[in-house]
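Labels for the chains are A, B, C, D, E and F, by order of writing; each one numbers its residues from 1.
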Amino acid sequence: MPTVIVKMFEGRSLDQKRALVKKVTQAVSETVNAKEESIIVMIEEMKKENYSSGGILSADK
Amino acid sequence: MPTVIVKMFEGRSLDQKRALVKKVTQAVSETVNAKEESIIVMIEEMKKENYSSGGILSADK
Amino acid sequence: MPTVIVKMFEGRSLDQKRALVKKVTQAVSETVNAKEESIIVMIEEMKKENYSSGGILSADK
Amino acid sequence: MPTVIVKMFEGRSLDQKRALVKKVTQAVSETVNAKEESIIVMIEEMKKENYSSGGILSADK
Amino acid sequence: MPTVIVKMFEGRSLDQKRALVKKVTQAVSETVNAKEESIIVMIEEMKKENYSSGGILSADK
Amino acid sequence: MPTVIVKMFEGRSLDQKRALVKKVTQAVSETVNAKEESIIVMIEEMKKENYSSGGILSADK
């Protein structure tokens, strides 16, 4: 705890994911006073055909 | 905001997803007084072996 | 199934929630070919101090 | 209701999933006084490169 | 990991929650071969006016 | 997009939340190449009686 879920489009590299979880963990640790080792980050990847804003799929934009 | 997550079995066509996000966005906009362009819809697809009711997987029904 | 989660700011009336779940259920049923009685809608309400876009809380906008 | 979401690493067999949803459904039913047939369990599988604790991906441990 | 989220109506006692997380943790541990100390269970409570099936709020049933 | 959900114990101040969403937004923006204004962060607060690890509620530790 805290547990962080990041929902984003698929296609990021392993290096980007490595940097993402490291930086997000630090950001949470510094601001809400939690130990880094207690912080979990989960990445949930999404296709562009499974996300819409304004009623229009990102796959169609 | 609002942000809507629709969890459903995989297998719907792109046209069904297009219609789904359009109609859900309109339904939310009309009933809770939010602008369509501020409404996000995410679709999360699931396999039948990852869903159960009554303790039995849908893949076994 | 499908199961729908609507995340929105707190403050809507019971009548708005009634209309929301009815209309969203119909929208899902019509577009992805699911029976209305199998569709679940959950509303998760949020305070303005618990939501941000662009790094700024809605409570500060 | 209740609705249970189990997030875990991918790679479990169909038999493990069968046993998981059966046992979890029983555990919930017995302890919070809900009928088994009203309990839903969803499994969400994750890759080791999409999960971190302490800022380090499980894929790197 | 695994991480389990239980969404249920509000109103259960602390003793019911104690029993719930203990039994669910055991059920997950036994069936998918995970150590109990690595298993997290989160309870998310919901009002009857925030849940619907078949387009009708539980508060109206 | 990306959309980030931070689940943590209740009790943080408004200033901590302000700092949290700002820093997390920057961390995501820098590492996965997304514009800050497109990034959403939602905070979901939890009571200690609604979270367990190892089958024991945080309220009992």
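Throughout what follows, contacts are C-beta pairs under 8 Å (C-beta built on N, C-alpha and C of every residue); 3 or more make two chains touch, one makes a residue touch a chain.
This is a predicted model, so every value here is computed, not measured.
Chemist: Among all the other chains, which ones are in touch with both subunit E and subunit F?
Modeler: The shared contacts of subunit E and subunit F, listed by label, come to A, C.
Chemist: Treat each pair of touching chains as one step and give the shortest count from subunit D to subunit F.
Modeler: Tracing touching chains, the least step count from subunit D to subunit F comes to 2.
Chemist: Among A-D, C-D or D-E, where does the E-F interface recur, judging by over half of the contact pairs matching in residue number?
Modeler: More than half of its contact pairs match E-F, so it is A-D.
Chemist: Could you give the separation in Å between the centres of subunit A and subunit E, each centre being the mean of its C-alpha atoms?
Modeler: 24
Chemist: As a quick test, compute the distance in whole Å between the mean CA positions of subunit B and subunit E.
Modeler: Centres of subunit B and subunit E (C-alpha means) sit 22 Å apart.
Chemist: Identify all positions of subunit E at which a residue touches two or more other chains, and write them in rising order.
Modeler: 3, 7, 26, 40, 42, 51
Chemist: Among all the chains shown, which pairs meet the touch rule set out at the top?
Modeler: Inter-chain contacts occur between A-B, A-D, A-E, A-F, B-C, B-D, B-F, C-D, C-E, C-F, D-E, E-F.
Chemist: Give every residue of subunit E touching subunit C within the complex, in rising order.
Modeler: Touching subunit C from subunit E are residues 7, 46, 49-57, 59-60.
Chemist: Could you list, by residue number, the parts of subunit F that touch subunit A in their complex?
Modeler: Those in contact with subunit A are residues 1-9, 12, 16, 19-20, 23-24, 26-28, 30-34, 51, 58.
Chemist: Given the complex with subunit B, which residues does subunit D contribute to the contact?
Modeler: For this pair, the touching residues of subunit D are 14, 17-18, 21-22, 25-26, 36-45.
Chemist: For subunit E, which residues are in contact with subunit A within the complex?
Modeler: Interface residues on subunit E, with respect to subunit A: 3, 40, 42.
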